[in-house]
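Here come two complexes built around subunit A, the first alongside subunit B, the second alongside subunit C.
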Partner chain A sequence: MLEAKGLMVFYENMLALNNIDIKCEAGQIVGVFGANSAGKSTLMYTLSGIMQDIKKKEEMSGGERITVMGEVKYQNETITDLKPSQRARKGIVLCPERRRIFSESSVLENLKIGAYLATRSQAKYTLEYVFKLFPALEKLKKRIGGFLSGGEQQMLAIGRALMAQPKVLLLDEPLLGLSPLMQATLILATREIRDEMNISIIITEQYARPVMPIVDYAFILENGSAVMEGTKEELMDNRDIRAAYFGVEESYT
Partner chain B sequence: MTLPSEQERKERIDRGIKIRSDSIYAMMSHRELSYLTLPRLILIVGMLMIPLVIPSMYWQRVFTISCIYALLAISFDFLAHYVGLVSLGGAFFVGTGGYLAAIANTSLGLPPWLTVPLATLVGGGLCTLLLLPCLPLRGVYFAIVSLMYPLFLARVIEALDILGGTDGIMGIDSFPNHWVEQYFIICILLLILFGARRLVNMDIGLVLRGVKDNDQAIRASGISVTFYKSVAVFIASAMGCLSGACLVHIYMWSGISQFALDFSIIPIAATVIGGGGTLVGPLLGCLILVPISELLRDFGTLRIVFYALILVAFIIFRSEGIMVYGQRKYHQFERWIKY
Partner chain C sequence: MEILIYGTINSVALALYALGFAMVYGVSRLPNFAHGALYVLSGFITWSFLNSLGLNYLISILLAMLATGLIGALIYQFVLIRVRGMEISEIMASYAIGLAILEGLRWGGFKGMTYTLPAFISGSTEIAGIPVDYQRLLVVGIGIAVVGLLWLFTRYTRIGLALRGMAQDERAAMMLGIDSDLMAVTAMGFGSMLAALAAVLLLPLGNIVVESGYNILILAIAVCIVGGLGSWMGAVLAAFLIGFAQILTVVYLGSHFQMVVALAAIILTLIIKPSGLFGRQKELEERV
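Right, the complex of A and B next:
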């Protein structure tokens, strides 16, 4: 469904993504795991097209030169040069790292802004669905976004992304800085979204363990390169991966 | 589809000499020494030569006025890019400095050599005091307040008919002759330019840049944000008052047109054209903009149109500014490589 081939991104002379091939089939949840500076966010920005925006801004202000090579395909159509808004229209919606909610608007307003691309009935239906998915948000719907807790803000960010009627949802580090309990809630919600809305999800995270149970396929990034990919079982069989990304230590005997 | 290996990428690399000259090894050879000093030398010698090269008195005067604007532009650039305060107060500083120098000269009978430093220091203190209430705040407050003060002061002078009222204060002493006037202003300008560049790289400059990036983190480090902001505002407003004091001695007259918005707007435009954050850029911008606006004087009100077109073109095509672009070209070279 969404596919990237030979993706290379340079920030000035620094290689941020090195020849990445990534694929997400319809209805799949694909995990992308890696440490800080592995290139997870760069990958998400490139897939969602935000990278074009960043690139243009840097060019205008005489900052870093960003070079993007390779191809992004969506439903067998090349979208490498499409702007983020055009990609969102096609159904590729990013839920950005650090939530980026509109902190001066209320919860309800945040969700309504997200529904810009939706028809009136879609918006109404999705709003009900978001409140069903995250009952905590419904109680807080008059609350100003900036006063929500981290977990509530993340729910709101996911809800806002859903309002844009995604076909592929890109979740960039949704568990960042959340308690284990909140992490579990969000992960279950993510699976529910996939099952009920029948969409594809690409999710990035540093620590794979909480996310692993729900992914169908996963990639592991290290310094911009995909060092490993495979199904859940294939990755879990690898001892190094288990130690590095799942925190399962065992002695080498 | 082109394979990644067939694609090319333009690469930017620091010149080796730049990397070496960042450390003490710049002293190793004449070539590296000149790489560092040449641009600065061109600026200094160029500035000192311009009055000798320009033939007519009229254009020499235009050049002097450009230097006055350049002082204001450096003050704007310093506040905006190193402290994070967007000041629209050029007119406020010029007016305050100008009137102080005028009063000191006509009422107290002090010569220009005393009125200029006096107006600089007292004016800087006065402006800082008046702007103090909005310094602990973030956001547009500083810009708005600094924009309102000159309008306020001009109306007060007009309504109460003090300080000469609408006629202004006349009979102010001029500098001894126009050479002294020009070289005094050029030297002051160069001193302030290099001084400001030094200042922003000293410890206090680090704190100020920190205030711009994240004032909460600065507070958490136990540093008083308001104190450092007021120091910065004092430095910037003193620069502005200095230019105002010079201006009244050039014109031998001080009036409410010293509070005109031109003094706030042209420095900002010059900073956009020259390249914000470089401190040299605003100077360059003034040397381009002020003469152009003089040249266009024949066109009457149409000159605003030309002026606006130049600005818009710059913002669209080169919003980084001349100096940022120039410095990059000087320090780096580019080449195409297979990724």
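Right, the complex of A and C next:
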């Protein structure tokens, strides 16, 4: 469904993504794991087209020179040069790192702004669905976005992204800085979104363990390169991966 | 009482000057230094429709507003879009356009005190013993209506909500499918139309003179800085603050101090609270 081939991204001379091939089939949840600065967010920005905007702004202000090579394909159509808004229209919606909710608008208004691409009936239906998925949000719907807790903000960010009627949802570090309880809630919700709305999901995270149970396929990034990929079972069987990303220490015998 | 009535009128007038500027800045972070020029231009467009083409007054006004909105959108689409994000260039480019429009008008013969627009309703009434003409009452009425409509527009329509999203976090808005350039053009069009609306309401109170373009720009900037750049409601509040301060100085000091008040307000705000009353610099701390 969504696919990147030979993706290379340079910030000046620094290689941020090195020849990445990544693929997400319809109805899959694909995990991308890696430490800080492994290139997870760069990958998400490149897939969603935000990199185009970052690049343009940097060029205009005489900042960093960003080079993007390779190809991004969506439903067998090349979308490498499309603007983020055009990609969103096609169904690729990014729920960004650090949530970036509209902090001066209420919860309900955040969701309404998210419904920019939705028809009236879609917006109504999705709003009900979001409140069913995250009942906590319904109670907070008049609350100003900036006054929400981290977990509430993340629920709102996912809900807002759903309002844009995605077919592929890109979740960039949705669990960042949240309690284990909230992490579990969000992971369950992520699986529900896939199962009930039939949305494909690419999810990135530093620590793979909480996310691993729901992914179908996963990639491990290190310094911009995909060092390992495979199904859940294949990765779980690898001892090094277990030690590095699942926090399971084993003695070598 | 006199101070209260004329202070309110003056404040609403200031708010009308500033709303267009605040809207453009709020949505696209673009200080539109051609705002004053668009104000004067729309005055002359209305005058031309009315006197050269002999159209009905109301139709001339509506056409002039549309024309000004279109001119604003075109200015953005063909010039400002290329310097977007470079603050100094944005100011220089928009100010140059403003200069070109104003001096072009002067060069084209629109100068002197001969150009006036008629009042919608002539005559005057008395409120608590103070004579007030109907045009000024109309300014207050329409001004309040515009603020109300703008509030509804940005909260209950799809485009309005998208503009609000853009104003708060441009990139987050893009992720949701909102086209930032399209929204910036829209905001510029609306902002210019607001300038035109202010012009047709307020110009009948005096002459259409090219020089007022510069004053309007300074007043609009003063209001927006005091209110906090990018905050529309802050601008309305600041308009009342400066509006009453101006009337008070007129009553107690003399009428040529009016402009000083606006400039002093800019300087004081920048020294004491650079983000203004409702500035966005004091954004809530990010929660991690």
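Please note the rule applied: the second predicted complex is superposed on the first by the 253 of 253 C-alpha atoms of A that agree within 3 Å, B and C clash if a C-alpha of one lies under 4 Å from a C-alpha of the other, contacts with A are read in each partner's own complex, and residues count from 1 in each chain.
The rule is simple: contacts are C-beta pairs under 8 Å (C-beta built on N, C-alpha and C of every residue); 3 or more make two chains touch, one makes a residue touch a chain.
Everything numeric in this text was worked out from a predicted model, so none of it was measured.
Peer 1: Clash or fit: subunit B against subunit C, after overlaying the two structures on subunit A?
Peer 2: Here the two partners, once superposed via subunit A, clash with each other.
Peer 1: Of the partners subunit B and subunit C, which touch A:13 in the superposed model: first, second, both, neither?
Peer 2: first
Peer 1: Does the superposition put A:61 against subunit B (first), subunit C (second), both, or neither?
Peer 2: both
Peer 1: Look at A:160 in the shared chain and tell me whether it touches subunit B only, subunit C only, both, or neither; answer first, second, both or neither.
Peer 2: Touch partner of A:160: subunit C, not subunit B.
Peer 1: Which of the two, subunit B or subunit C, is in touch with more residues of subunit A?
Peer 2: C
Peer 1: Just to be sure I read the superposition right, which of the two partners does A:125 touch: subunit B = first, subunit C = second, or both, or neither?
Peer 2: neither
Peer 1: Classify the contacts of A:146 with the two partner chains as first (subunit B alone), second (subunit C alone), both, or neither.
Peer 2: Touch status of A:146: second partner only.
Peer 1: Is A:70 contacted by the first partner subunit B, the second partner subunit C, both or neither?
Peer 2: Touch partner of A:70: subunit B, not subunit C.
Peer 1: Can you check which stretch of subunit B gets into subunit C in the overlay, out of 2-10, 56-64, 92-100 or 128-136?
Peer 2: Between subunit B and subunit C, the clashing stretch is 128-136.
Peer 1: Both subunit B and subunit C contact which residues of subunit A?
Peer 2: 60-61
Peer 1: Within the complex, which stretch of subunit A touches subunit C?
Peer 2: 48-50, 53, 57, 60-61, 83-86, 88-89, 93-96, 98, 100-105, 109, 112-117, 146-150, 153, 160-161, 163-164, 176-177
Peer 1: Please give the residue numbers of subunit A that touch subunit B in the complex, ascending.
Peer 2: Answer in residue numbers: 5-6, 8, 10, 12-13, 19, 60-62, 65, 67, 69-71.
Peer 1: Provide the residue numbers of subunit B that touch subunit A in the complex, in ascending order.
Peer 2: For this pair, the touching residues of subunit B are 1, 3-4, 7, 9-13, 275, 319-321, 324-325, 328, 339.
Peer 1: Please output the residues of subunit C touching subunit A within their complex, sorted ascending.
Peer 2: That would be residues 83-86, 155, 158, 161-162, 164-165, 168-169, 171-180, 182, 283-284, 286-288 of subunit C.
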